[in-house]
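Look for subunit A in each of the two complexes below; its partner is subunit B in the first and subunit C in the second.
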Partner chain A sequence: MKKCIYAILCFFITTGCGMKTQLDELTLALTVGLDEGKNGNLLIYSISPVFNKEAKNIYEVIRTVGMTPRDGRSKANAFASGKIVGGKAQNIIVSKTLAKKHDMFSYLDVFYRDPKNSTTANFIVFDGPLKDLMYVRLNDKPRLSVAIRDVILTAHVSKQTTKINMLDFRRLSLDRAQTSFAPILKVHKGDLIAGGIALFNEQRKYVGSLLQKESPYFAILKKNVKPATSLTFQTKKQKEYVSISVEHGDFSYKPSFRNGAFHFDVRMKLGVIVTESTTYIDMKKEKKKVEKWLAKEIQKQLESVVKKIQKYEVDPVGFGLYARAYEYKQFQKQKSWPKAFAKAKIDIHPTVEIISYGVLQ
Partner chain B sequence: MKRYQFNEITTMQYIFLISGTQIGIGILSLPAQLADIANTDGWIAIVIGWIISIIASTIIIKTMEKHQQDTIFDLSRRYFGRTFGTFIHIAFVAYALLASITVVFTAIHITQVWILPNTPNYLIMMLFMLPGFFITKNGVRILGRYAEVVFYLTLWMPILIAVPLQKGTILHMLPMLKEGWAPIIQAVKTTVLSFLGFELAFVFYPFLKEKKHAVKAMVIANSISALTFLLITITCFIFFSPDETPLLIWPTLSLLKTIEFPFIERFEVIFLSFYLFVMSTTGIPYIFTTVFGISQLIGKKDHTIVLLVAVCIFIFTSFLYNPSFFHVQTLGSWWEKYGLWGAYFFPIGLFIYTSIARWFQRGKKK
Partner chain C sequence: MMNGIQQTVTHSLDMNEQTLRDYFTKTPDLIYCHLFIGEPKKRALLIYLNTLVDKNSINNNIIDPLLFETKQIHTIADIQLPIGSKSYTTKWEHVIQRVFQGETALFLDGDDHVLLLDTQGWPQRAIAEPQIESSLKGSHQGFIETCEKNIALIRRYLPHQQLKIEETTVGRRGHTPVALLYLEDVAHPEVLQELKDRIEQVDVDTIVNTGELMQYIEDNPFSPFPQFLLTERPDAAVSNLLQGRIVIVVDRSPSVMIGPMTFITFFQTVDDYSTRWMIASFLRLLRLLAFFMAIFLPSAYIAALSFHYEIIPLNLLLTVGESRERVPLPPILEAILMELALEMLREAGLRLPAPIGQTVGIVGGVVIGQAAVEAGIVSNIMVVIVSLTAIASFIIPNPDMSESIRLLRFPMMIAASLFGLVGMVIGFMLIIGHLISLESLGTPAGSPFAPTRLRDWKDTLLRFPLWMMRTRPLSARPTQLTRQKKFRK
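And then the complex of A and B:
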């Protein structure tokens, strides 16, 4: 009797088998792209790998027109070779034109609301119409979805752009003390290029961007220097250059509130390695002088980056976090932090210490 | 004479049984509720709630101490007479029943939303009820052992929850006491309810082998729960911004979505599957209390038949009724309202009443 019961019980374990899905019957959308079509419609692209030996292409691109991403997915099911699944998405790409006009959250809601969707996908802004990216043929690269991810990752590590996943994008957007940002991807002469940072305002609309050469300074402001942020400066004499790599940094952001405006006293101590110098510098004698000169150059660049984000009325660096933590009463009085931040006065005082200058004198 | 000699549990098992009951479904939504009321100062409310729950559970032990072999069901009849005692008996059973219904249906709802969206709820209910039946059938000793095993099985989970910490910023926690003490005091009402579960000491105390450790055990059990609540709440506050946390329904699970390994995605599915163990240690003691109370009420020594009927009713209900998220929330709020009375006001009243009653009896003897 007892054995019989146990045998029956074993069948309970198999309850999940009725609802199985086979991998090759699915269309795994690894990359989802959103663009604005004609008449204000939403164009939805999805790139999915094809697991079929007979298929010529290793991935398929599906393009649909719909009201929302979920609506587009339902329509796309009509001609996809398998049921479309979004849970494995690696990249969510929006075009710059769409990002400029609309609040991003109204389009991205489905990725957050449906727990089956992955929120660790990279969020990327594409400069140009998305069809340029979707139908690009990269013969020397892996599948497009993987290539996009790799390009972004590599550029992020070398500080040419930044990286943000869907969840972080939401975190930063919803925080009253900061605004979000995203990496920019371009297609230039059939090549993928990642560089620059797209800035979003409080309403999650694209307002402007930082250039590729400003990205490393943005990383420094975000205290994100590791592993090695590489910078190159031109010396006063024309066509001579010095390259350094910032190895580590100590940062302090001191907020205060005076005369109706926020002040930030930013101090940073950067430890750098000189990696290249096209001119001869006597390091033993001129170390102090070079350090001072580098600090001044860095300060100039950092200030211009801060000015730029103040002009756009965004705070991707997170100055607001410090304001809220140390000047809470004044922070709460501000209706909109980015507006208050635009008026804030920011003093940046970097100091540079040359740790080493390589194996040459 | 010991009534429950064959069902005694060790102090360790007792601790894990109580703290297992406390840590359950509440913890998944606690950070959002706290952030909503007290912003990132909510964690202070947990500390205050912890102290209050320790006081309440000490009062429970002090009440039970006088009659070491009595559960609340015997005690109520001893002090309140037949009619009124039965009333309290039924009220306590009803409370445990409400708690078990809430836990089971919430667990099913969460499982359906996060892990098994296509599986019908009666199948999940059957799968839940199977281990529930076998553990409850064998009485308190097995319950205690199960709670202990689950505790060791789930020790790795808090470590993983702390992984997102490195991505957040401690600046979210500053300044402390943003808006003064008022919102924190308000939030205490929420936190004391997340400690619900220690009131089952009313039932499990007579089964404890070494009664002299009872108060200490209650303190440790409450502290384990408080530490868990603190860890999760602070991690949520540091990771999510104070503006975002109230917007999430289950911030703890959203937190887990961020954990990413090169070889595995959607880690929260694995976590939640394991978390079903933790939820079972909340549900099963309540189911046991319900069944145990009913069988005492009808004068049956063995509670297997009552349990069988209860399990059948549970499964049968799930065929007819699949609660929406709104219903699950309503159930939860009922439990909390009832729990505030059952676990905090009732023990205090009972303690005062029994002390006075005993004082009068002593007076008579003289």
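And then the complex of A and C:
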């Protein structure tokens, strides 16, 4: 019993007050934004929630100029109402201009190195100067940080863009067999719009982007069709459209190495539902014909996406993973996989099966 | 006894009466009734404590036959009375002890034997529904304050010759009768001997309540957990008897004590066995969840808010932040304030008479629930957590265990405020370590978890169908394991 009392007393002496992070005394940086400033400096924005009912805004935006993100945070602490912490960060946003010029890792280092920072925050590229986003007033939306997160998530689910967290961004960037990508966010007339995919090269610099309408095909190439990837095609007649929703797919990527170049034979079987048709098609009779036509349209789009990424010499889809798995010797010989991928020949053969065409009859 | 006066009863009635009058001074309720009985008349003296006897029995069964006795009475053995339980003694010690227990003593002139007649009849309450451990399907008879009645209630369930009863008394002044009930072919003799030895060593004035005796004989007085089960339900006592446990009935106390117990038995109720197994299993899991919630919920709140804000999902974090915005206290003070308020409310509600008791509920509900939040002293979330802890702790069916759990959450809260989750884990490990090493009457209280006895898990977290529980649990070391034969496929 005596020992027990001594032990408990010891606990009281060794209290960990220094480590305490009382929620009330913190400023939670839910969104961190990095933009290019003047003279090679960095503009660092952080958005944190404000809980005081007397305050006008429910969140505050802190803007500082610094050499690095951590330098900016130290400066921001001078006028934040509490200690700034990034453990609950939801979004890390960089502007397109900054991403074009610099290796992203040199700026993102602190988010990985300091274990107290959240590594599951979304990594986002913003198209335009960041101040447009930071000082946007969304009257009918929740806190800006939550709104940004939700917009990205919704757009990702409907395949209008993609989403990537900090950890995956680093993993893809460091993987020899693929390159990383990020969703693009825009502000248009006071509204947040997520659409399109930013592509990063091996040096983690922004090189180009996929458009919003190309995003679903990027998702298909990444075998990510669930839940329901929606596509719309124009028929040969003017102003006649058919919409389908891809429900599931069987994919096979067969890499080979022939005549000094990689060759990929991509086959996919897509099960689709016809969700809309502005023209009358007798599905009973013309099912096979429609399936063929759809496959051809999809093939066209997929090929254009692949061409685009080959042009930028990036591999966000991860063709390199198949090359490394099946053609390891040849893969190892390549100095740079994206360069080799740019020269690769890629055949895409989608087949479409209409599993349902609605409940009209 | 009797400080220098003679030890045994004499032949002279006058001398005996004088001895009695010397001993029982200032005892106005002691009645001396002089009688002349038989043909020829012989002097006799009847004494009894007016307050402890059944007067009808004395008038009809003793005085009436004695007055109309026509035989010649030589010795006290010649007296025939219509009372079943009677005994003879020559020792003053016995006479006085029995008279104090409500018996009537008959002295006859010229005889040194005293006839002791069972005429007990003291104020007692009727058998009523158990107040603390109410049940939906169990019997509606609860124990009362009389040992014999309580034993009767148990015997009704087990009319079997193996149900043995051993009686003893505890206390120098109170002579509290204590009865040990057990199934001789099931209960382990070592455990029984251990219990008897411990009761024998108790040397006190008196035992007013079973809870007192429990504290004198329990294994680890420094444990927060109860090691004996106190129950006011005969059916619970019987089901424990059948598991090889020993029931200790203390006279003048409405609850009986059962030992040896295990930790998990405090989470079982009689209703568990009379409802279908799926429902009973669900309730068992619910109680276990409540156990963890009652201990850890406030401390988890404190730990998360003082150390690990990262583990709270963002949307909840924003809600918590908004709700704590005006609160001037750190989480630990906020939590302790509210938990103490809850304990006070509970205690106040318990002690107050029922008509005023409702006031406490209103005051508590309004003041603590609403006004404190509106005044900005505590946060909404804290009120929710306190209410959840309260409900969780009330789900635990055994009041002793429920109180232990409520007490344990305070050290857990302090640990969480000092070390966060690490403190909680340390606290949890201390509790688990303590439970594993805890014993009840020398048997492991952590059974069947530690030591692990998988066969007995059928009646722990889940309650398996009754027909699958064919053996008695090993925790009480029963000498005979078969509970039922396999009769159902």
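Keep in mind that, in the parts below, the second predicted complex is superposed on the first by the 345 of 361 C-alpha atoms of A that agree within 3 Å, B and C clash if a C-alpha of one lies under 4 Å from a C-alpha of the other, contacts with A are read in each partner's own complex, and residues count from 1 in each chain.
Operating definition for what follows: a contact is a pair of C-beta atoms (placed from the backbone, for glycine too) under 8 Å apart; a residue touches a chain by one contact, two chains touch by 3 or more.
Predicted model only: the values in this text are computed from it and were never measured.
**Student:** Answer with first, second, both or neither: which of subunit B and subunit C does A:K285 touch in the superposed model?
**Tutor:** A:K285: touches no partner chain.
**Student:** Considering only touches as defined above, state whether A:L9 meets subunit B (first), subunit C (second), both or neither.
**Tutor:** First partner only, subunit B.
**Student:** Name the contact category of A:S118: first (subunit B only), second (subunit C only), both, or neither.
**Tutor:** Both subunit B and subunit C are touched by A:S118.
**Student:** Once the structures are superposed on A, label A:R137 by its partner contacts, choosing first (subunit B), second (subunit C), both or neither.
**Tutor:** neither
**Student:** Just to be sure I read the superposition right, which of the two partners does A:G87 touch: subunit B = first, subunit C = second, or both, or neither?
**Tutor:** both
**Student:** Classify the contacts of A:L23 with the two partner chains as first (subunit B alone), second (subunit C alone), both, or neither.
**Tutor:** In the superposition, A:L23 contacts subunit C only.
**Student:** Which of the two partners, first being subunit B and second being subunit C, lies in contact with A:V146: first, second, both, or neither?
**Tutor:** Only subunit C; A:V146 stays clear of subunit B.
**Student:** Which partner does A:F51 reach: the first (subunit B), the second (subunit C), both, or neither?
**Tutor:** In the superposition, A:F51 contacts subunit C only.
**Student:** Which parts of subunit A are touched by subunit B and by subunit C alike?
**Tutor:** Comparing the two interfaces on subunit A, one with subunit B and one with subunit C, the shared residues are 12, 15-16, 19, 87-88, 118.
**Student:** Please output the residues of subunit C touching subunit A within their complex, sorted ascending.
**Tutor:** 222, 305-310, 314-315, 317-318, 320-322, 324-327, 330-331, 415, 418-420
**Student:** Given the complex with subunit A, which residues does subunit B contribute to the contact?
**Tutor:** 113-114, 116-119, 123, 126-127, 130, 167, 169, 171-172, 174-175, 178, 239-244, 247, 253-254, 257-258, 260, 265-266, 268
**Student:** Would you mind writing out the residues of subunit A in touch with subunit B in their complex?
**Tutor:** 9, 12, 15-16, 19, 87-88, 115-116, 118-120, 167-168, 170-172, 174-178, 318, 321-322, 324-326, 328
**Student:** Which subunit A residues qualify as touching subunit C in the complex?
**Tutor:** 1, 11-12, 15-16, 19-24, 26, 28, 30, 49, 51-53, 85, 87-88, 90, 118, 143, 146, 149
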